[in-house]
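What follows is one structure encoded as structure tokens, with my remarks underneath.
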Amino acid sequence: MKFRVSCHIEYEVTSPATLLFNIRPRITSSQKVLDESLVFTPEHATELIITEPDHNRFDRIVVRDVQQLQVDYQATVEVQHQVLNPDMLRKTAPHKLDQRELPYLLASRYCQSDRLGRFAWKKFGNISGVYEQVLKITEWIHENVEYLPGTTTSATSAYDTPTECAGVCRDFAHLGIALCRALTIPARYFTGYAWNLNPPDFHACFEAYIGGHWVLFDPTRLASPNGLVNIGAGRDAADVAVCTIFGMARTLNQSVDCQVLDPSFKGLTIEELKDTAISLDTPPNAEA
Amino acid sequence: MKFRVSCHIEYEVTSPATLLFNIRPRITSSQKVLDESLVFTPEHATELIITEPDHNRFDRIVVRDVQQLQVDYQATVEVQHQVLNPDMLRKTAPHKLDQRELPYLLASRYCQSDRLGRFAWKKFGNISGVYEQVLKITEWIHENVEYLPGTTTSATSAYDTPTECAGVCRDFAHLGIALCRALTIPARYFTGYAWNLNPPDFHACFEAYIGGHWVLFDPTRLASPNGLVNIGAGRDAADVAVCTIFGMARTLNQSVDCQVLDPSFKGLTIEELKDTAISLDTPPNAEA
Amino acid sequence: MKFRVSCHIEYEVTSPATLLFNIRPRITSSQKVLDESLVFTPEHATELIITEPDHNRFDRIVVRDVQQLQVDYQATVEVQHQVLNPDMLRKTAPHKLDQRELPYLLASRYCQSDRLGRFAWKKFGNISGVYEQVLKITEWIHENVEYLPGTTTSATSAYDTPTECAGVCRDFAHLGIALCRALTIPARYFTGYAWNLNPPDFHACFEAYIGGHWVLFDPTRLASPNGLVNIGAGRDAADVAVCTIFGMARTLNQSVDCQVLDPSFKGLTIEELKDTAISLDTPPNAEA
Amino acid sequence: MKFRVSCHIEYEVTSPATLLFNIRPRITSSQKVLDESLVFTPEHATELIITEPDHNRFDRIVVRDVQQLQVDYQATVEVQHQVLNPDMLRKTAPHKLDQRELPYLLASRYCQSDRLGRFAWKKFGNISGVYEQVLKITEWIHENVEYLPGTTTSATSAYDTPTECAGVCRDFAHLGIALCRALTIPARYFTGYAWNLNPPDFHACFEAYIGGHWVLFDPTRLASPNGLVNIGAGRDAADVAVCTIFGMARTLNQSVDCQVLDPSFKGLTIEELKDTAISLDTPPNAEA
């Protein structure tokens, strides 16, 4: 499936600063970037950093003077969402995880899995089947947390959400990740472009490592997993911010777009996801 | 019903200190103290402070030198637990609450009702009948929070418990209070001697102000409401600590006892509490 | 000194609600209200509640329908700021405090004095003279916390401020209170009208109980203690909110004014406050 | 310098579990392991995992039955502490950092650098010289935080410590790291064996990335940087726990030892560290 993605962001940079952008899609065996263009206005040289082992692509620029800065990115991306049968997905025991996956079992800034163990085991410990287990986590979040922009801040974390019961896609994802990790299921933060997201914006959800695949879950239900283009994979939002700012700058406005180029495309429904798992990343030689 | 209550506590006082004890039962229209004795070893003069409007009784002593201090209290208390029909208990609207009850709607140190509003309304907002509502809160806590001594500290508060899912009687009570207040039901912290508590100790639960009565609820289910003798009523544990220490002292050991003097006494069961409300405090002329 | 105070507030009430206003100045031996008028538009009957023992005056109204509501209050207030010599103010030991003052030693929702003990004693424990001690607390806050509207929320508390280093008058006051209480100095939250406050608004600072007086301290330095008219006295902001809302309503806009009627009035400077303590409340028969 | 290090740990494993040990020293250009032995009693096959890019060495074992488990490790390690002249150490600007170092600028589970920015810049922003800056951070922590075992838990983080003012080596390190990152100095958590540590135990401190070297700082002052043998390098304690347990197990007891084999060895003093920086890790081709 081909997607046309783009974003336009304007910053007010109020001190000399280094900006690290994470807006280009990852290039993996499931995602090919057919063409792309990134333009800074005023012009700035950008250094492309591709991280190992996660293949996130960061653009680093240095802004030496106070100024307004525009970022325009667009790309055509071919994405092969793998469609998997949940019944075939087995949990990978911690002793079989590779060092690429092990860090995604550990607590991180916004995903305090160390403090959510009792919660996770009490509510989801007895569910048989690891896909079913993560699906139940996703459903629980959807039912118990309200999607309410403005109720949370960048300091909100998975520890808060069972009590606060509100948040945005970022908060939904952090809670999903923390609960998976507490159950010894590796989980990571997923940022991306999302088809049909309303209002259009960057989106965040999460991936759980199941049966050798990073399987997609979106507790907000605002996007279809097969309508997602992956930008960043990380421990949580701290790893893959749209823009990590070293210095002083603030976003003035932002617009994001994601079109699918095949008019016959259909997003998977919640009903279909019960029998269909979607992955955008299958590490080579993974233990299934 | 007559109860024989007692406690023996030993402190190591390591600096000159003022100690404020809250171990004598309140004297109210429901509780009469028939006899009591309070002995400090070594001997210390005590000043009795009875607070308004809650009738808590504090003993204040000044310890001038470093020393070990023993406190021995015993009393015979006649308690008239009012047995109420839950069907007759109506919610008192906030505009009908007296200034004695209004403070018990506000957030306090360990009961951040301001942050638990969404949680409370989402889970308990649609239950008809205020007694039923508080009963459901109590049941939810019992089912979702594990009674696990050692998992929480004196810094733990109601904000933490939906995420931590563990605690002791104090934590159970704080969560119950915060949820009631979030639903505009006045609620206060109740400390007391508890018949048949195992292991014997001071106990904490909470009272909700319903239909003109302070009705007892114990989310731990470790004590029967009709087996309780009330010591303190307060916003939360900060108001009615067994001993508030101004200076440096620590508890070395403590034993608590509560016997009922009528051998035919029976504690109310969980089943019975569905149809029977128990109150130990009915303010005069309250709006029912 | 006579002050002319007023406020105009507009609310959008989106559900039937009870509103509890705390905008009338307290009436104490130091404050006389010469005239006042409170008008709700549309008209609503108000019930005046005067709390014991703190003499806060609340207006309670019931709003039965969804509507916009305007509140207009104005008053002429005669205030006698007591000018005290700091050298004469002794600390009242905990064993000499009355039950009116004792609650102001305890931890409350936004003033977790139980967790700030080490901080308080380490930084301010060795200062001789209780007025000097609280003055140093006030100076420390002024120097280490930035006054930055928008950085904190209604969930921010004294526990956060040493780390966050920013806030508004409310946060400055909460930290001052928590530090005083940790040092066994009773302290309470003070809301009021403030002469010359820029921009004009309700103001918050705190009072410490010293030498039998509630002495005023303003860590923001935005108001002069002798230019303050006291509205509420409470444990913290939860007790004396401008408007406590039981139901759903939000503030649309608000304007506040405070004029002094004597053109020769001069606000005390920071320099002068080193030798001059100001109190607006001296309980009768207090132990100095 | 040669060190003889060892540890003996006993666990009670109460469910089938996977244990991930981080007790072997890293092997880097500065550390050579001359001999080592790791014995589990009862015997267990261990899988050695060496992480990229940090060269941490983990031993993973699977415990299938409930049992007591002993771990005995000992090794002879040759360590070349690089002695650097602080005057030659320049700050590496964020736009010159490699992707190996960039993650150490981001907030992590216990090091919420995102919330400590104002604190860091206010207290340490104006110090010229990056070594001097980190040294001042280290001194500030030493002077303002008390080393008090038992005051903190595994949930305590850098956000708490400026308010709590107490902790253990782990807490000291987390605060140092968070403050460095807030100032855009990469910083990571350092665990190790420490010569002359009293009482003997595993130790934690931190490294800041300065002038192309990971320079050691110990805010506890309990160990000399030139007496340290590095075990783990990570974002914080979550990455390099002595034992990460997937399943249920608890430590029964533990003993740790670290001897230097050269009798003439001298630990560097606080005074000497003003003019002498010590590093145990200099990435190849780093931008100095």
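Per-chain residue numbering starts at 1, and chain names A, B, C and D are given in the order in which the chains are listed.
In the analysis below, a contact is a pair of C-beta atoms (placed from the backbone, for glycine too) under 8 Å apart; a residue touches a chain by one contact, two chains touch by 3 or more.
The structure presented is a predicted model; accordingly, all values stated were derived computationally and were not measured.
The chains in contact with chain A as well as with chain B do not exist; no chain meets both.
Separating the centre of chain A from that of chain D, both taken as means of CA atoms, is a distance of 30 Å. The distance from the centre of chain B to the centre of chain D, with each centre set as the mean of the Cα atoms, comes to 45 Å. Along chain B, residues 115 each make contact with two or more other chains.
According to the touch criterion at the top of this document, the contacting chain pairs are A-B, A-D, B-C, C-D. On the chain A side of its complex with chain B, the touching residues are 115-116, 118-119, 122, 144, 146, 159-160, 162-166. Residue ranges on chain A touching chain D, taken from their complex, read 18, 20, 47, 49, 51-53, 60-62, 93-95, 99, 102-103, 105-109, 112, 114-115, 154-155, 184, 238-239, 244, 246.
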